[in-house]
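In the two assemblies presented below, chain A is common to both, partnered first by chain B and then by chain C.
Moving on, here comes the complex of A and B:
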């Protein structure tokens, strides 16, 4: 049913499989990759007949139906053509790469990245939803980053990958904005709706920004001028990657999108000028630079840029026939360019260099490869009897017919012919320089024909070039017709795929291009000299680097301006902006500060508690330089705060505050051991006065806000929870029912974070040894007795009592103050006490030292409780409860949320112990602790 | 009898708490302050139990129980710090 989703998904599963079998041997990865691709192809092909019959297949998988989001896949002619190109050429690449990669390269990594990329490309072409398309679009950028930087040890590979990612990633962001606008205009993100709404889109006032944003995405991806510079730098990738990314896939994603959105966006002045203009500029720039590249792959890279410009120009011209030609050239370029890249890879492989000034006269060494390369290069040049000729001829014809419609229109055929001349010239150079032109110069090794199977993929592609070139109607016509039909979303114009039409202007242009190309190549020496002199003058990547450096400088400057490495400064900025925002909120409002609620009478106990709190807090501020003293006084502050919670009927909060308080004290003591015992006075008197003033204003403002809120009648959602806690959550303790039931999903997230924090701290502290002081702050040596016997014996007695308290608090948490979090802290504290009094060695002899399983079990239990409700057809984390009659104890209410609470309990115990014990071990790792035997 | 015993007890314990705070802030030595904090815990327990008796509610006794437990551990940790510096070794 959902075959299309599987077509996309299988390469991703394949990536895992490929990586998994990599350790079995080098070739297993290649086989796994090949079989995965075949499986994906096998799922796609049964759908093809319906597509050839003109149907559009849309399959959807409900994902978030409430938000109107479905995973939707679409198969029409265009999608089928691209999927076949991606999978077919992908197969050839897999075969080729198996011979190309050397012993040192990891096959598993290569093929896993390749599969990731293939899945992303298939996702782009098979998506029905444009947001989903964009996700896959970004995935191709990421996967291509991994592929281009495959040889991570090379700086050029890393830089090329980063540049490709930066350019295409920025374009992807523009594309997202464009798609959002498009979705707002149409009212749907589905292609079916978008393609049918062309009129409305073009008439909409947002049309121009939408078009420009989408085109920015297209142009960056398809390396259109002025974003073309990343493509040649991506040549640092292994050649199979270049052959795949720059023939059939990555860069074709941009032109695919042009074709896909052709019915929705084309046919306006903006479209033809922006798309046609960028395409034409790219065509000319690419073709000209290509001739002067001495690097074999550099030549092919700029030729790719130029051919992408050609395709873009065709879509820019915008007539139905031009769109047909565009699709046709996509097919042709994919076949001959993949073949040429593979041939270049073979030459590089055999010669050890790609410099055409050194590779000469290879005909003597590898005539067979030479023949293959010649046919493919002929297709690139547009020589009759090869496929490139046909689409180029259609291109010339479209350029001529477009020219007759406008003023200065004759410029277009002229420019196109010039580009054709250069295309012929660089194709001739590719063949003549490499295979003839004297003898090789100083090659690292003697070239010979490559292994048999390395040539097979090239042979397949070259045969395709010839078949399409000679028998177009028999071979390419059916797929071209359905693909072009899908692009136009309208009946196809009449077109005739034949080698010979008649004596037309297009034929004349072809002849001029061929003759002119040969002439330019013949007169290349003065041209090369000119190019050498002007090198580096015109370089689009300069702009990129300037932009990037500017961006880094801006970010760095901003960071330095805001964060001078001073915490005081950051706190100052934070407090000042809070004061500013608060004052702005009050300005202009004429509501009085004090609300209309009557004040409650002041009782003696509250007053005393408040005074004690103020006194203790003030003392903590005054004595803060003596750090241990400040810590002791903060303990008193925490105690008074929990008393205030008791006073205002929040026993759960009071219990939590008490448990957290002692854990905090232990944590700070552990850290304080490694820190100076007193803080030096660093600030000047004036600065302290300023800070004091700011603190007064901020504190006063907060008090005023609290006063304003508390003196007004306040309707909270508490009533809702109070009402439903018992009937719906099965518990009388509303706080606990909220935590484990009403907002259980939040709690699940929180304990996950807690577990991650614990494991993160463990990872950072592992094997970290810090030297501790050998004497206390007064210079006295530490006491010799690490674990005084009285303390040790007393705390051992206390352990069962404390654990009993924890169990008690855990069990009754659902109905009375308590719960998993408090019980977890109590247990953790009870166990920590054993570490304090008896030492790590003694405790670990009796208690497992590894807390990770506890954390894992807690998370798994909480998750399983949530998932269990699925088994009863209820949403995630629905809880249930019932009454159980126990002998002696009586009737007890049991809720499934209690199992969840037990999960919370385990995570809290595990994470707290993990953090505290490993902080303690930080010093233990640097000195020897007296063992139990030594202590007797 | 409870009607006058409880206010008197409240007054006496509150006075003790106030003196605890005095010692906590004045010190002068660290053991003074640790002892003041520990005694503060003890007096708080007394306050909570008195409050429970006064309101005829057992709800506050858990808080008192937890203070008894946690306060002890806090004091042990602080003392261990004075003794050895490294509290978990």
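Moving on, here comes the complex of A and C:
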């Protein structure tokens, strides 16, 4: 049904499988990775015949239908070509890596990352929706980061990975912006619509910014000048990764996108100049630098940069035939470059170094590998009878035909010939330096041919290079035709894949490149000396580092300016900015502070309560250095706050505030035991006056705001909840129904926060040792008679009653004030009373001491209630209710929301007790209880 | 009545801000508690004031207070407790690690 989604998904499942079987043995991961890839391939292949017949397969799943977004997959010629490259070369890489990785390397981790990459890359090429494409695009950056830094102990690997992620990640953000603009222009994020809207896109005023943003994504990913510098640094990765990600597939994602969006964006002045210009610059820069790299993989990396530039140039030229040549070169480059990287990996593996100044004369030791490398290098140079020659000929021909249309057009054939000369020169160097050129210099090991199966992947690729090179029409023509057709979205131009056409300018350029390349290599010594002298002069990397350091400096400076290591200063800044923002709001308004809502009359009791609260709050501030006194006054303030809730028709809030107040005061009392009993008077008078003034302004502003709101009429959505609470939620207590039903998802988040706070506190208290006082402030010894008999017996009697109350509050919560939060707090208070009155030891003997399972059970129950609705094809946390008739008792209503409320209850009980009991346990640990004799 | 509640919210805010600006951990925690009271009352006030009209569906009720701010504030109260607990434990931890109870971990202010 949704075969394409599965093609993408299977490698992700495979990643888990690979990681899972890794502990069974080294080779299990490799087998699992290989079989996963085969499974994905097996699902893809049945769709291929239809694609070859010219059909485009689109499969979709609703994702965010409200935003017009579907998860949509698309299979056409281009997607098929890339998917086959990804899976086919992937298989070869998996086989190769099994021999490449050493005993010390973790196979499971390597293959799991590789599978993650494979899934992401398949996602890019098979996406119909461009936003979805972007998600996979970023996932390939992440997978590439993990793979480059695979050898985590090496600094160059870590730095290379970070650089690659920074550059391609930043490009990905630009691409997202470009796609959003594109979606706005077209009115759809689907490729089918975008590709059909080319005229409209190019005529739109946003065309230029859209194009530039998308191209930034393309150029960073495909290592185009001036963003090319990350690719050579990515060579710190294991060689299979370089072969797979950084030559055959991931860096092709950029040019894939050029091909994909070719009908939508190409054919303008901006397109040909930006794309063609960047491509040409990359082609030249890459080819030149590659020749001077002494590192085998460095040479191949810059050669990759150069070939990516070649492909980009072809798309920049923008004619249908150039696009065909671009697709052709994508195929050819993937085959010969992957083969060359693998050969380089074998040489590195066998010699222990990649430095071409030391690796010489390997022909004597490994002639077979040498032969394979030579064929692949010939393809890279563009020698006849191998595949690289054919696409390079097409490239030269396109450059020549482009030249005739423009004034300085002749520069293009000249430039590409120069690049061709260097390509031949570095290919010759790769072969001559490594396999001939005297004897090896001081190699760490004596090289010999690698294991049989390590050569198989290289053989397969080299045979492909030859087959395509000699019989292009029989081998590559069908897939190239459908892929190029999908790129153009139009009938294909006539093209003839043959080794021999006629004496043409392109053939002349090929001959010049071959002869020139040999000449440059022959005269390399003075050139090398020149390169040595000019090293580091022109380096885009420097700009990157300067930018990065500037960013760090800015962030560091800003942080230091705001946060000078002083909380007081930070709080001050925070309050002042809040006041500033509030004042701006007041200044801008020209309406009176008081609204026209009818006011409630003041009654005597309320006035008295309010005055009491104000007096108590003032007293708490004035006496705040006497900490115990201030705490008790604060508790009193909290009680008046709960009275306010009672007065203004909020019984649930009153109950919650009341029980929270009790728990908070107990908690703060327990904590105060470990803190100084008084605060020293250390602020100056001026500072206290300043803080007082700020506090008054803040309080005055808040009061004014509250007054302005309270006196204005408003439209509420309360009607919705009041009307539907009983018929749809099955409860009369609307507040509780909102909590456990309408907004159940919020509540689930909130109890999760509470659980996290509890567990965080548990972690903080672990192994925390604080000395408690042995005497009070007046020097009187601490009273060890901790558990007075009368209180102890009373609380024991009260416990069942208190628990019964809690159950009652829990059960009635759906219809009358109460519910899980309040019942949980009441239960917690009842149990804490036991700890206080009877001591921790006595209570632990009777109650489980571990509250983590209670919290976990509560969360699991709440989550399960939500998930259960999926089983009935309803959205998460849909509730239901019904009535059960018990004999004698009568009709009882049962709602699924009650199970959810029970989860809330358990989390509240568990978290509250976890916090308080562990703090209480510290008391026991803070001093050894004196023996009977010591107490006298 | 509205003026009275606005005044109460203002006083609680002022006390909270003043205490939060102190230099020792315990007064700061008390200050946060005061600010929690103020914020919870302020949020509750967004539903305006009604007397004798709890949002519990009943036959013949004249009207109901707005249940939505109440539901928001109910969880806010519980979360405030979680936050207060976390902050006070943090101050205990700081006392243990740094040897004093100054908010910046240094005796000099």
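Keep this in mind: the second predicted complex is superposed on the first by the 811 of 936 C-alpha atoms of A that agree within 3 Å, B and C clash if a C-alpha of one lies under 4 Å from a C-alpha of the other, contacts with A are read in each partner's own complex, and residues count from 1 in each chain.
In this text, a contact is a pair of C-beta atoms (placed from the backbone, for glycine too) under 8 Å apart; a residue touches a chain by one contact, two chains touch by 3 or more.
Computed from a predicted structure; not experimentally measured.
In the superposed model, A:643 makes contact with chain B only, not with chain C. Shared-chain residue A:753: touches chain C; no touch with chain B.
When the two complexes are overlaid, the chain among chain B and chain C that reaches more residues of chain A is C.
When both complexes are overlaid on chain A, the residue A:909 reaches neither chain B nor chain C.
Using the contact criterion defined above for the overlaid structures, shared-chain residue A:81 touches neither chain B nor chain C, since it reaches no partner.
Once the two complexes are overlaid on the shared chain, A:621 sits against chain C while remaining clear of chain B. Once chain A of one complex is fitted onto chain A of the other, the partner contacts of A:817 extend to both chain B and chain C.
With both structures placed on the common chain, the touch criterion links A:10 to neither chain B nor chain C.
Judged by the touch definition given at the top, the superposed model places A:259 against neither chain B nor chain C. Contacts of A:832 after superposition: chain B is touched, whereas chain C is not reached.
Put simply, chain A uses residues 651, 672, 816-817, 919 to touch chain B in one complex and chain C in the other.
Against chain A, in their complex, chain C makes its touches with residues 1-15, 17-30, 33-34, 37-38, 40-42, 44-58, 64-68, 70-71, 73-75, 77-86, 88-93, 95-96, 101, 103-104, 109. Only residues 604-605, 608, 612, 615-616, 619, 623, 628-629, 632-633, 635-636, 639, 642-643, 646, 651, 654-655, 658-659, 661-662, 665-666, 669-670, 672-673, 772-773, 776, 782-783, 785-786, 788, 791, 795, 798, 801-802, 805, 809, 816-818, 822, 826, 829-830, 832-833, 835-837, 839-840, 916-917, 919-921, 923-924, 929 of chain A touch chain B when the two sit together in their complex.
Residues of chain B touching chain A in their complex: 10, 14, 17-18, 21, 24-25, 27, 30, 33-34, 36-37, 40-41, 44, 47-48, 51, 59-60, 62-63, 65-67, 69-74, 76-78, 80-89. Residues of chain A that touch chain C in their complex: 565-568, 571-572, 575, 597, 599-603, 606-607, 610, 613-614, 617-618, 620-621, 624-625, 627, 630-631, 634, 637-638, 641, 644-645, 647-653, 656-657, 660, 663-664, 667-668, 671-672, 674-676, 679-680, 682-683, 691-692, 694-696, 698-700, 702-707, 709-711, 714, 716-718, 721-722, 725-726, 732-735, 738-739, 743, 746-747, 750, 753-754, 757-758, 760-761, 764-765, 768-770, 815-817, 821, 825, 908, 911-912, 915, 919.
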